[in-house]
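Chain lettering (A, B and C) follows the sequence in which the chains are written, and residue indices restart at 1 in each chain.
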Amino acid sequence: MLRYLIKKLYIYILTFFFAVTIDWLIPRFMPGDPILVLVSRFSGLPESAKVMYGYLIKAFGLDLPLWKQYLNFWIALFKGDLGISIYMYPKPVLDVIAQAIPYTLVVLLPSILLSWIVGNYIGAVAARHRSLDSSMLPIFYILTSIPYMWLGILLAWALGVVLGIFPIAGAYSFSMRPNWSWEFITDFLRHWILPFLSLFIVQIGGWAIGMRNLIIYELEANYSRYLEALGASEGLIRRYAFKNAILPQITGLALQLGTIVAGSIATEVVFSYPGVGYLLLQGILNQDYFLVQGTFLFIIIGVLVANFVVDILYMVFDPRIRLSLGGESV
Amino acid sequence: MTNLIQIERLRIYYKTLHGDAKALDDVTFTINDKEILGIAGESGCGKSTLGNSLILLKPPMKYVSGEVKINGEKLPIDNNTEMRRYRYKKISLIPQYAMDALNPTRKIGGIIRDLVGQHKIKYEEIEKRLHERLNMVKLSKDVLNMYPFELSGGMKQRLVLVISTLLNPDLLIADEVTSALDVSSQKAVSLMFKEFRDREIVNSIIFITHDIAVLYQIADRIVIMYAGKVAEIGPTEEIIANPLHPYTKALIKSLPNAGIRHTKEKLEGIPGHPPNLINPPAGCRFRDRCPFADENCLEEPPLKEINKGRLVACWKVKDL
Amino acid sequence: MKEFVHFALKNTKFKIGLVILLFFIILAIIGPYISHYKDPLEYVSMSNLPPSRENWLGTTTFGQDVFTQFVYGLRSTFFIGLFGGGLATIIGLLIGFIAGYKGGLLDDLLMMLTNILIVIPTLALLIIIAAYLPYRGIGIQSVIIGLTAWPWTARAVRAQTLSLRSREFVNLAKITALRPLKIVLEEIAPNMMSYVVMVFILQFAGAILAAVGLDFIGLGPTRGISLGLMMQYSVLWNAIQLGMWWWFVPPGLAITMIVSSLYFLNIGLDEIFNPRLREE
């Protein structure tokens, strides 16, 4: 058990190193000068621009040798300093991201968990009834083929514009300020539902397909046959199959967090939802390298932490891991 | 001897992409009370199909015709739901895949509890008996608290024996239980089966194997099968000492005997291979490989009782 | 081969997938020729027009013909699928195969690399790379997608290789002292052929979706047109609010149908190659 955790931790730490290095490395080897961009925002005399440029280069430590910059980057990271955002100057990147995180989580987490529950359930149903299966399986595949942003666009158009039921931009109405009043909460939910649905509907397809395949595999396994030969009811066999099939789906949750980042970003862009993905987009459009770097880092950390949590959960549920037999195939 | 099971003209076919394979084609014999009946033959002769059809008839197997009676009443082998009444309590199975037969993520005690619960028996009622049986096969009570993957292959085999016979079934079907074992384990395992029968834990046993040497140790009677049909039936001693059907003769001849030097007698295999079961040839199915075949053999020989308890399906065997 | 064709023709999923895919491929090939207009980015008519005889899929906010954009976009989509997916497949095959066949330290190192890349969200990695590229074309896009999409393939190929490596016929070949390359080409490769085809199909689909994602958030090609760019522009220029469905529905619909057809093709092929799965 401990061996399993240590092995996983080891990979995550290595990954973290790798990701941070890439994050630090790439901007410095690409053409383009962020300081120039920053300076250009402060229109003034060319003389003062030069001074400002020199000052900012020093301030951002870009005059130091590369290895020192790399080291400083790590030190700053551990101090929680992700730099100053250019787009939102002079707000620290950390603050900008911290403000956006709740909005991402509130759409992302429910969509992942609910689609997992519903998708697995529907997949299990399809696995049990072959007749339902032949009509439902193609639908699952089509669902999982839909690009996230397209579904978002369609929902925005159909339910937001044509039917006018839901708003299609922002997390709450312009006129409001975040608070705990009932008014705000309903307004917030109305803005929340379409982004949530865009992510929820597409993910169902993937889970359903996976669960369906896993359950069929379990139902055809030798232990299921043995139970049936000894007179067990369909119900007991299905219960065993389900419990065994759900295990890889738990691992799937960890992997899903990585892939859903793409969907989250796309959806936030469609609905101008002020989450981390939207921030990333703004950073790119405004060439705010520090914001882009910081956001990337945050996404990586989030994914790694979530992966680790899921790995622990999996260990709790699969006795083969707990008793440290090399059963895990992930 | 009373009949426990009567099998009459049973036909079970396998659905395949190229047509129906006639795995069991008009098979008739009986299984007596308190007997260990060996069913022997090479791979594909239908013995496993036979064993499985008596307890779990699932696609791609399909029931075509024939009847099976247990204690005089009809056994509904083609009706999956009705068979549940018989499974485990009256008829039980030790499968070929015994190593793999248990849910890997559930403790063994839990599996047994669930299984007997399906037959409306409380675990507590059966617990004492379970402990006794485990003791019989030399397994510790501790296994009940372990997971299947924690046991070795041999332990799992003995465990499955205990589980399958826990409710004292009338008929136990043992499907190739010694095939994967070395010779000394084979002896130990087969003797265990004999003990279970002698102690009246199970009534009768169908012992399916391709290894006649094992049957010599424990079987009372032997049924020899070939290409979906019965070739010969008889008491073990007689079959081994005096085989009548040409196929049986060749089988016995191909067995090495301990203590015999083979400079004098060559060990012979049987040339050729079994016929295609999707389109079997007309007449006797052993015709192509039989050294005694002639034109009469183009017509299928019936299974004739030529002596008390001795049946052969061959034109060449005259009444004794 | 004959057996393959026989079962392929019988398999519904394969047929449906193939037909839909071929439809779009043909559309991508002949579309630009049958379209009234030659340049997808040129102003050709009044803006914001719904579909009509002159503009089969209407016009954009800039008076561009949507149908022309659509068929050129299809071309770019297939290009990326082919090259991005192809590159990812090749890299995945090489790494997975070498790791599985050679084993040992090489295997450990390659798998460490693979495991690291699997955890990192692909789009995030793509964003970091694409954001700093001075120029983006579909060629570069294919390359960066190919370089980031291979890990799952490597892992799967390695597992396949490990299982094949220990199979009897390979040991037999080794005993008869065949040279390693010969073993690879004659014994192992044919058994993996079908697997490789299926992997490629999935990479093809994945590359298409990755490209659409990149294009949509503004990291697409700096020139030219693609289905993802169409959707980006339409959203940027309020097509949703203006109800210009002809601008944003076709691109996404095409992607959905192409990717679905690829998945159907894949399950169909799986059933054809694995007799166990075939339904009668």
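For the reader, a short list of remarks on this structure follows.
To be clear about the criterion, contacts are C-beta pairs under 8 Å (C-beta built on N, C-alpha and C of every residue); 3 or more make two chains touch, one makes a residue touch a chain.
Nothing here was measured: the structure is a model prediction, and the numbers come from that model.
By number of C-beta pairs in contact, the leading pair of chains is A-C.
Ranked by distance of CA centroids from chain C, the top chain is B. As a whole-number value, the distance joining the C-alpha centres of chain A and chain B reads 56 Å.
The mean-CA centres of chain B and chain C are about 53 angstrom from one another, to the nearest whole unit.
Each chain gets a centre from the mean of its Cα atoms; for chain A and chain C, those two points are 22 Å apart.
For chain A in complex with chain C, the touching residues are 11-12, 14-15, 18-19, 22-23, 26-27, 29-32, 138, 141-142, 144-151, 153-154, 156-157, 160-162, 168, 255, 257-259, 261-262, 265-266, 269-270, 280-281, 284-285, 292, 296, 299-300, 303-304, 307. Listing the residues of chain A that touch chain B in their complex gives 221-223, 225-233, 236, 240, 243-244, 247, 318-320, 323, 325, 327. Of all residues in chain B, only 52, 55-56, 58, 84, 86-89, 92-93, 95, 97, 100-106, 114-115, 118-119, 147, 149-150, 160, 163-164 touch chain A in the complex they form.
Those residues of chain C that touch chain A in the complex are listed here as 13, 112, 115-116, 118-125, 127-129, 131-134, 205, 209-210, 212-213, 216-219, 231, 234-235, 240-241, 243, 245, 248-249, 251-253, 255-257, 259-260, 263-264, 267.
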